[in-house]
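One chain, subunit A, appears in both complexes that follow, with subunit B as partner in the first and subunit C in the second.
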Partner chain A sequence: MRHTISVLVENKFGVLARIAGLFSARGFNIDSLAVGETQDPAVSCMTIVVNAEDERILEQIKKQLHKLIDIITVIDLTKKEFFERELVLVKVSLDKSNKANLEKIAHKFNAEILHSDKESAIIEAALEEKNIEEFLSVLKEFGIKQLVRTGKIAIPK
Partner chain B sequence: MRHTISVLVENKFGVLARIAGLFSARGFNIDSLAVGETQDPAVSCMTIVVNAEDERILEQIKKQLHKLIDIITVIDLTKKEFFERELVLVKVSLDKSNKANLEKIAHKFNAEILHSDKESAIIEAALEEKNIEEFLSVLKEFGIKQLVRTGKIAIPK
Partner chain C sequence: MTGAQIFIEALKKEKVEVIFGYPGGQVLPIFDKLYDSGLHFILTRHEQGAAHAADGYARATGKTGVCIATSGPGATNLTTGIANAYMDSIPMVAFTGQVKSFLIGNDAFQEADITGITRPITKHNYLVKDVKDLACVIKEAFHIASTGRPGPVVVDIPSDIQMADTNFEYPNVCNIRSYNPTLKGHPGQIKKAAKAISQAKKPIIYAGGGVIISEASEELNRLAEKIKAPVTTTLMGLGGFNQRSELSLGMLGMHGTAYANHAIMGSDLIIAVGARFDDRVTGRLDAFAPHAQIIHIDIDPSSISKNIKVHIPIVGDAKNILRELIDEIKKVPDTSHWLGTVKGWKEKYPLRYSNNTDKIKPQYVIEKICEITKGQAIICTEVGQNQMWAAQYYTYTKPRTFISSGGLGTMGFGLPAAMGVKSGCPDKIVFDIAGDGSIQMNIQELMTCVAEKLNVKIAILNNGYLGMVRQWQELFYKKRYSQTTLVNPDFVKLAEAYGAKGIRVSKKEEVEKAIVQAIEIDNVVMIDFIVEPEENVFPMVPAGEAINSMIEGLA
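Moving on, here comes the complex of A and B:
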């Protein structure tokens, strides 16, 4: 099962390495991770998405996270209701024939074309996870040259 | 000086912990980090923002990154031209008197109000770094209850 875990941490060096180490020591791959400052510059929020094949091990990891110095709170949002968004920047191949089509797609997904020239375009969208997948599958038809994603962030309802 | 570093890595467990460990072993705090899949599910892209007080040490870190197994490329975008965006979700205090004002701000920053009730609203925006700071300073007047940021992602021009 896929879990979205929100962790508030003291903004000190070494915290990220310790948290990442906790997951990797137990063979857990982090699907996505987004780390940024909160309203308090001394505190960062990490949003971690993991696919837990063994729920018991994830429970252990969460308990160990709680015990780490510099960790303030650990909230598993999976069973809560939350708003979530992920940001993607995508460079796609483009020519005259499909520019109008790209604009139509941008409009549909509330995406923004940041740049376009004769060969390519860069497009940006902030969407829910399920819509990101749909957006990317539509863009695949153009040919994706480069794709950068932020990982999901979430805020409880 | 602030650096934005884009690292392509094999999507395997342990890679993130090793990279985070490289920075923390040298006393570097990562300001923000965004990790997500690329167009190739076997490859992830990490966008790392660090403030380097000592440029020579950062150069050493970058060289060591290059040598790590599972790291494909390391690009310091700092001296290149790139498009950048960061996504924020913000929960602010709200009452009848300032709802119209929030809508005006959302319009100005091309932000979206995802939810609002009698006490609060959740607003989302994807902006350049400098505009994020301005957006957040405007929202401070409402009272920020919760703030989650993805960290910056970037794509070369």
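Moving on, here comes the complex of A and C:
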């Protein structure tokens, strides 16, 4: 099962390595991780998405996260109501014939075309996880040249 | 004040009695200030020895052990000792020198990323990047190391920080918003536990090192007496319960007593106190104590339901919780029938070995040491058969009298640990029970013992093998003794070369005399007991089996 875990940490060097270490030492792959300052510049928020095959091990990791000295709170959002977004930047191939089509797609997904020239366009969207997959599959027909994702951020209700 | 002076003053504020360590290039400013600081410094002969000595000191005294080494190889040599302290929850602060701040990451001479290396084997660690933070970091390091579930903390100090100047102000209190260990048990959970105890017919107490760390030994003995429950301890818990009590079952697990293992498997309620259901204790997990409800008292929430599903967890300090639990139990269960059953196991499967021989049995040596020291010595061990026999055949009655590498199982721990113990408890008789293999892993510390007049007594159970590995090879690898036969030095001459006293004992009738003599001699003494070479540690639960399927064996 996929879990979205929100972790408030002291904004200090080394904290990310401590957290990553807990996952890697147990052979857990982190699907995505996004870090940024909160309203308090001394505190950062990390949103971690993991796919737990063994829930018991994840339970252990959450307890171990709590134990790290620089971690303030650990909340598993999975069983709560929360909003999530991920920002993607996609560079697609473009020619005259399909520019209008791309604009239509951008409109549908609330995306913005940041740049376009004769050969390609760069398009930006901030979406929920499930819509990102749809968005990317629609863009596939243009030919995706490059894709960059920020990883998910989430906030509880 | 310079960083180095701040280091000295901070250690004085923390009332550090002794520092174990080794100098080097990147700690020169600190060692210069140590020179006339009045702090007691013990120069070990290897950094690993310093870490184990600080660890042994902490185990015996309950105070935080302190060690220091230089950057790079000095720091990496500490790591086994740090990992050892981490696995057994020992309060320790390890200081390391680091290359100058502006050289970090440049592959400078004797540079190692020690905060990176020690991240998974410390409770916390620090790289000090500004001298203004140093006092506060040291305060926090001691606070974190010694509170909650204790553990080692590394403080890495670049040499330019040691030389930089700032005002010294040592904080009185330590406020770390993200670190607040739970000390008081939840009253509702304690009530539930009390009720379960009242209703139990076959309760057993399973006590671990947490009892010793939280100084809860007296409360544990009181609880057992009140509810008339038998008590088994882990290796780390030895000494936490008085083994002269009728209720004592000794140690459980892979090399535990058969009656302790039968009792825990047959129980209907396990009261686990400061123990973590380690694989050496539980054996095959799905077969462990199938009929038992489990109460688990532990200060570390991550220990709860880690290996075994717990029914009534109580997170907090064992001493606090046991006190409240004892008061909360209104109705004492009737355990007389259960105690009868347990007594039956004790009679049917006693801890025993065949002593019907002229050869010296290692178990006999331990029994004699126990007899002669009246069970009042502090016993340190190396790791392997020597450790298991020391655990089985010495009678422990008080906490902090059995000092052994439990979680990590570090060969070479015993001698430097004994040295640390002796420095903290100079009036005690301190033995290191050793094997001929493990004693050679930190033999250089013999020199430290002699130089510092830390008169520890070393009993080598010399069987010419790496005995525990040989035992496994005998039982599970068709006696193919691959790399377990040792060619040894002359331990008597070796002891004497270091300025210690060496005694060789090859006849059974000389055992007692040698032990008495060793205790009387005002020096470090190494006794080389030439013991039965292929003696095995029994009972034994083969790896992966249920803990009541023991190989008894009686050689």
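In the analysis below, the second predicted complex is superposed on the first by the 157 of 157 C-alpha atoms of A that agree within 3 Å, B and C clash if a C-alpha of one lies under 4 Å from a C-alpha of the other, contacts with A are read in each partner's own complex, and residues count from 1 in each chain.
Throughout what follows, contacts are C-beta pairs under 8 Å (C-beta built on N, C-alpha and C of every residue); 3 or more make two chains touch, one makes a residue touch a chain.
No experiment lies behind these values; they were computed from the predicted model shown.
> Per the contact definition in the header, classify A:Arg85: touching subunit B only (first), subunit C only (second), both, or neither.
Only subunit B is touched by A:Arg85; subunit C is not.
> Scan A:Gly21 for contacts with subunit B and subunit C and give back first, second, both or neither.
A:Gly21 sits against subunit B and subunit C alike.
> For A:His66, using the defined touch cut-off, is the partner it touches subunit B, subunit C, both, or neither? Pick first, second, both or neither.
After superposition on chain A, A:His66 lies in contact with subunit C alone.
> Using the superposition on chain A described above, determine whether A:Asn11 touches subunit B (first), subunit C (second), both, or neither.
A:Asn11: touches subunit B, not subunit C.
> For A:Ile144, select first, second, both or neither according to whether it touches subunit B, subunit C, the two together, or no partner.
Only subunit B; A:Ile144 stays clear of subunit C.
> Identify the residues of subunit A that lie in both the subunit B contact region and the subunit C contact region.
13-14, 17, 21
> Which of the residues in subunit C end up touching subunit A in this complex?
115-116, 119-120, 123-124, 127, 144, 176-179, 300-302, 305-306
> Where on subunit A does subunit C make contact in their complex?
Per the stated touch rule, the residues are 9-10, 13-14, 17-18, 21, 25, 59-60, 63-64, 66-72.
> Flag every residue of subunit B that touches subunit A in the complex, lowest number first.
Touch list, subunit B to subunit A: 6, 11-14, 16-17, 20-21, 23-24, 27-39, 45, 47, 83, 85-89, 91, 110, 112, 114-115, 122, 124, 126, 136, 144, 146-151, 153-155, 157.
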